[in-house]
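See the structures that follow.
After this come two complexes, each holding chain A, first together with chain B and then together with chain C.
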Partner chain A sequence: MRFEESRIKNALVVKVLESRIVADVAPQFKEGLVTYVRDGNKNIVLDLSDVTFIDSSGLGALIGSLKAVRKDGELVLCGARDAVVNMLKLTRMDKVFQIFSTPEEAASALS
Partner chain B sequence: MLLHTQGHEVIEAADGELAWRLVEQGQISFVVSDWMMPNLAGVDLCRRIRAAEFENYVYVILCTSKGAKADLIEGMDAGADDFVVKPISPEELRVKVRAGGRVLSLQQGLSEKNRELGRINAQLHSAHTLVEEDLKAAAWMQQRLLPLLTQQAHGVRCAWRLQPCGYIAGDIFNLFPLDESEVGFYLLDVSGHGVPAAMMSVTLSVLLTPDATHGSPLKRYDASTGRSLVLSPDEVVRELNRRFQSKDDRYFTILYGVFDIRSSRLRFAQAGHPCPILIRDGQEPVILGEGGMPVGLWPEIEFDCFEVSVRPHDRILLYSDGVTECVSRSGDAFGEERLLRYLWEQQPMPLEELLTGLFTEVTAWHGNSDFADDISLLAIEITDEGLHCESTEQMATKQQEYKRRKMDAI
Partner chain C sequence: MRRINLEVESKLSHVSLVAVAIRAISIHAGLDPGNASQTELSVVEAVTNVITHAYLGQPDQRILVTVSYDSELLRFDLYDSGKLMPAETIDRLVRGRGIVESENLELASIPESGRGLGIIHRTMDEIFYERDGDRNHLQLTRRIHQR
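For the complex of A and B:
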C-alpha cells in the first residue's frame, strides 16, 4: 500500500497511490492510516483521486480507520471519483464521512 | 595402500565383471578403475554404473595409460567423473580422491535435503487435502441452506444462482413463508472472503428463519394474543444490527423483503446492499430503493423501509455486488447499466432462463467463472396466485403514489 504525504495548514494530506482498495491491501491500508494517527496526526485528509474501486473489505478498512482516528481527531475524504462516491452513497457513508472535492477545501474545513 | 592410509575402506576386484558385481550391491560410493581390464573394460563398467541409477551417486575415476583426448571424451561420455594418467602419481590420486569425496558429501547432503523436502511436501499435501475436504463439506452444508430450486410460497416463486469465489461463499439468500399470507426473502453479502465470511453467512442463514421458537429476529412474540407477529423489514434489519456489532471491520449488507399476498405489496429494507430491480412486462426495468448503511458498523442507526405494489408476472431481482463489480479482462466493471440492459432485452424469458442467461453473460464478460467475489442472484416472481382482488386502477394509483414518494425522497 503506497501513500504520498503532504501538509496543508494543520492537516496531513495522505494520497492513496493505489487504484484499488480491495481485500489483499485493506489491512495495510488501515495499518498505514492508524500509524499516522499514532504518530500524532489528528487531522487527516485522505485523497482518493487515484482510487477507482473500493470493495467491501476496503470499505471496512476505511470505516475502521475512521473509527480509530475519531477517538482523537478527524478523517475526511477528498477527490473521490464517481464510482467511489456512488458506493459511499449506496452505503450511506456520505453521511458518515465529510467528502470534499480538493485537498485544500478539505484542509480548510479541518482547520 | 595409498587409499587405505587416507581413511577409506578399499575393496579390490580382479577384473571389470567382478567389480560390477560389487558395485551392483549398492554399497560402493567410489570407484577407481583401470581402463583396460579383462572381461569388462573400465569405460563399460562406468556405463553400467550410470545406467543403474543408484540411489546414491557413485563417483568414478578412470585410470588410463594413454591420456589421449579421444579416450577422455569417451570416458566422460560414459559418465566418468575424473581421470588419472598412468603411471599414477600418489599425490595426484590423493587429491583427486579427496575432490571426489567432497562432491560425494555435497551430493549426500543434497539427497538428505531432498528426502526431507519430500517428507514435508507429503505432509503439506495431506494437510491441504484435509483442508480441501473440510471446505467441500462446508460448501455442501452451505448449499443445503439455500432455497429449493423451485421454492414458492403465497403467490411468490423464486429462481437463483450462487457462484462462490472459493469453495464457500460470504453471500447467502433464502425465501420462506412467514405466516399464512406473508413471504420473507433476503440476499446478504458478508464483507471479506473465505472461511470467516462464510461462517458468518451460515450463522445468519440459520438465524434468519421464521421459526419463532428460536427467537427469530423476523418475528415478535405477542404474549397477549399468544401469536408471533411478522416484523417489518426495517425492524428486522435494526435487530440484526443490534445483534451483530463487530469488533473487527467486518459487516454485512442485506436486502430483506416481505411480500404480503393480501395487499400485493412488497416491503424492503436495504442495508448497504445494491438496489433491487423491478422487472415488469413491457416496461424498462426500474431500480428500487435509495441505499442504506450496512449492518454491524454502528449500533444505534435507523434503517428505512420502502414499499412497492406488484402484480402477477412482476419480477424482482436481488443480486450481490459481485455481479456488477465483476471485471472484464481489460478491467471494466460489468456495471448496473449493462445489467439493466440485459434485463430489458431478455425480459420475456422464463425466470430460470433469465437468470441462467444473466449468469452466462457475466461469465462471458469476465472471461471465465473464476470470479474475484461471490456472484449471487435471487429473482422473485409474483405468480397468478399472487393476483389480489385489487383493481388495476387501485394498483395504478398506488404505483403513482409510490413514484411520487420516490421523487419526494430524491
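For the complex of A and C:
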C-alpha cells in the first residue's frame, strides 16, 4: 500500500496512491494509517482522490483506522470519488466520516 | 442472452480482474457508471466471500462467474466447489434477514466487518442460491432500466 504524505497547517495529509482499497490490501491499508497515529499524528486528512473503488473490507479498514485516530485525534476524508461516496452512503458511513472536497478544506476544518 | 464466462483462481489478489470485467460488461449492457459500480461491488463481495468462507482462503481453487444479459437484465452466476453456504448466511443474503444497519452510529459500536451480504442484498434485484451437487451456485440479477 503506497501513501504520499504532506502537511497543511497542523494536519498530516495522507494521499492514497492506490486505485482500489479491497480485501487483499485492506490489512496493509489499516496498518499504514494506524502507524501514522502511533507516530503521534493527531490530525489526519485522508486524500482518496486516486481511489476509484472500495469494498466492504476496505471500508472496515477505514472504520478501524478512524477508531484508532479518534482516541486522541481526528481523521477526515477528502477527494472521494462517486463510487467511494456511494459506498459510504450505502452503508450509512457518510454519517460517521467527515468528507471534504479538497485537502485544504479538510485541513482547515481540523485547525 | 449474451453470455461470457470468467474463471478466476481463489486468490484475493485476483478479485480485481473479475471486478474490472464486471464493470465494463455492466456498462456495455446498459447500466450507467453509478449502477455499474454497484454491480461491480456486489460481485466483488460475493467472490471475496467465496474465497474466504467457501474455500477458507485456499488459493488453488476455481471460481466461475458467468455473466449474461439482454435488454432487460444483467445476471451473474457464480459457481464454486467450496463449503456449503450456511443456512443463516442464505437467510441474510437471499431474504435480508438480520441485515439492518444499526441506527446507532456511535463509532465504538460500529463493526469493522460483516457488511458484504447486506451490500449484495441492497444492490441486486434478485438473489438465488442453491447447492448443486458439490457446487455452490449463487445467482445475482440486476434489472437494467427499472432503477
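The rule is short, and it goes like this: the second predicted complex is superposed on the first by the 111 of 111 C-alpha atoms of A that agree within 3 Å, B and C clash if a C-alpha of one lies under 4 Å from a C-alpha of the other, contacts with A are read in each partner's own complex, and residues count from 1 in each chain.
What we mean here is this: contacts are C-beta pairs under 8 Å (C-beta built on N, C-alpha and C of every residue); 3 or more make two chains touch, one makes a residue touch a chain.
Because the structure is a prediction, the values reported are computed rather than measured.
Student: If chain A is used to align the two complexes, do chain B and chain C fit next to each other or clash?
Tutor: Partners clash after overlay.
Student: Is A:Ser56 touching anything from chain B or chain C once the two structures are fitted on A? First, second, both or neither.
Tutor: The answer is both, since A:Ser56 touches chain B and chain C.
Student: Report for A:Lys71: first if it touches chain B alone, second if chain C alone, otherwise both or neither.
Tutor: Neither partner.
Student: State whether chain B or chain C is in contact with more residues of chain A in the superposed arrangement.
Tutor: Partner with more touched residues of chain A: C.
Student: Scan A:Lys89 for contacts with chain B and chain C and give back first, second, both or neither.
Tutor: First partner only, chain B.
Student: In the overlaid three-chain picture, which partner chain does A:Ala23 touch, first (chain B) or second (chain C), both, or neither?
Tutor: Both partners, chain B and chain C.
Student: Can you check which stretch of chain B gets into chain C in the overlay, out of 8-16, 170-178 or 386-394?
Tutor: For chain B, the listed stretch overlapping chain C after superposition is 170-178.
Student: If you lay the two complexes on top of each other, which residues of chain A touch chain B in one and chain C in the other?
Tutor: Common to the two interfaces on chain A: residues 23, 53, 55-57, 59-61, 63-64, 83, 90-93, 95-96.
Student: Which residues of chain C touch chain A in the complex?
Tutor: 11-13, 15-16, 19, 33-34, 37-38, 40-41, 44-45, 48, 51-52, 101, 105, 107-108, 110-113, 115-116, 118-119, 122-123
Student: Over in the complex, which chain B residues touch chain A? Could you list them?
Tutor: Spelled out, the residues of chain B in touch with chain A are 189, 191-193, 248-251, 253, 272, 274-275, 291-294, 297, 321, 325, 333, 373.
Student: List the residues on chain A that touch chain B in their complex, please.
Tutor: Interface residues on chain A, with respect to chain B: 23, 26, 30, 53, 55-57, 59-61, 63-64, 83, 89-93, 95-96.
Student: Tell me, which parts of chain A touch chain C in their complex?
Tutor: My answer: residues 20, 22-24, 53, 55-57, 59-61, 63-64, 66-67, 70, 82-83, 86-87, 90-93, 95-96.
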